[in-house]
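Shown below is the structure under consideration.
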């Protein structure tokens, strides 16, 4: 495990909401973070799909990690946008965030969320946002 | 309780994720929805503030209800954006969503989230998004 | 004219694109900027409405002025979002931007664009974005 | 030239604002559109860079073409977001838009804008938005 990955695991482990949902940081390197989540019955909305709020949580968190990998540990999400592409269902969600550009204080990140449903893997949302170094 | 409010309570009650978090639909009328959430320890991030994912869930859900109040029950969130204004902390989050414009199939909504901390009430995020009628 | 308004006129006057389009800063105070534009035939798209790019220019510029009014002169637009509500047509567009929250380096702004068509005034777009102090 | 490209040239040619700025549709196929613009002095802002409004116009237009390539000719931009990555300068801007997901009525698109400055090519903005079929 790289130093960055150890740091990432520590940060994710210290987020009660991420622990509560069961998020896992499965890849983490300079400019890229992948966070996965097993889909649980309590994550759904009224039509049996994963609630958009779960998907948007994943985007928010994945872009913060990606941004933090280039800006440093003390970062916050300034803002982000999500476009839902199709209903999310299956066993697992995987959010992959990348840094598209960064200065010393701000990083622009994108994220893609796929739902793994048996053998199928479908893109269910894309996001884009800004991460800032604190202070 | 109006017919719309009864419908709204039924829809919220049938969203497992909203029930899991404890969301309450406290106001609901044509073009406007207010959803509140008691802050629980498991909603926090590593600095002791409410995780952005909880705030973005609230925006997503509140704008869907607002949009649904003018478009009809069978709606989905197409997309939304959130700008975080300050860390959310305290006892309670309240998200107020309004319809800013609507056609027969799409509604544009805005949302404001305030955190109630003792006597203080602070705006912690604003959002904007699109709701669509299904089918 | 206040000192801020004089500064605002100078900044707008030094933007070739704003001069080219004919933008006017018609109100400017701490936390609020209003920019107007007479609609010209060359601003239209193929259906005879104002091109979205003209509306998005207005939002971008109006939020930069609003953000600059609280952060200082040396600001840039980090990002923004626009939702188009209805086709823009008529004689004049007016974009009103307000600061919804600000720290020392970043300001969150919203903007509303109305089209004035004879006696009618219709909201045609809403925007939301982030302004940052440079350096 | 494909039938789609002929249609695309006709649509772009019938947009007065695009003609006024000098936009060229340089690639157009199912799910992808590339629009270029020679940078003119009147496109700049007060620091000598291309005004964000020009960049956002390009994103708006490029995603509309990309969305139209899968949804049909009668489309509008519902909304989009832009994140500016670095100041745009040089001779030419090129916006490449792709469809990331589409149903029968809505398409989610992304766009990247690069500035060509002599031999250098730099990404200056990324965008994401929704295109809808009219009616």
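Which chain is which? They are A, B, C and D, in the order written, and residues in each are numbered from 1.
Heads up, the rule we're going with is that contacts are C-beta pairs under 8 Å (C-beta built on N, C-alpha and C of every residue); 3 or more make two chains touch, one makes a residue touch a chain.
All values reported here derive from a predicted model rather than from experimental measurement.
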{"item": "Chain pair with the higher count of C-beta pairs in contact (A-C, C-D)", "value": "C-D"}
{"item": "Chain at maximum distance from chain A, centres defined as averaged CA atoms", "value": "C"}
{"item": "Averaged-CA centre spacing for the pair chain C and chain A, given as whole angstrom", "value": "33"}
{"item": "Distance from chain D to chain C - Cα centre to Cα centre, in angstrom", "value": "21"}
{"item": "Touching two or more other chains - residues of chain D", "value": "78-79, 81, 83, 108, 130"}
{"item": "Chain A-facing residues of chain D, complex", "value": "81, 83, 85-86, 100-101, 103, 108, 110, 123, 126-130"}
{"item": "Residues of chain D touching chain C in the complex", "value": "11, 14-20, 41-46, 50-54, 56-58, 60-61, 64, 76-84"}
{"item": "Touch list for chain D against partner chain B, complex", "value": "78-79, 81, 105-106, 108, 130, 132"}
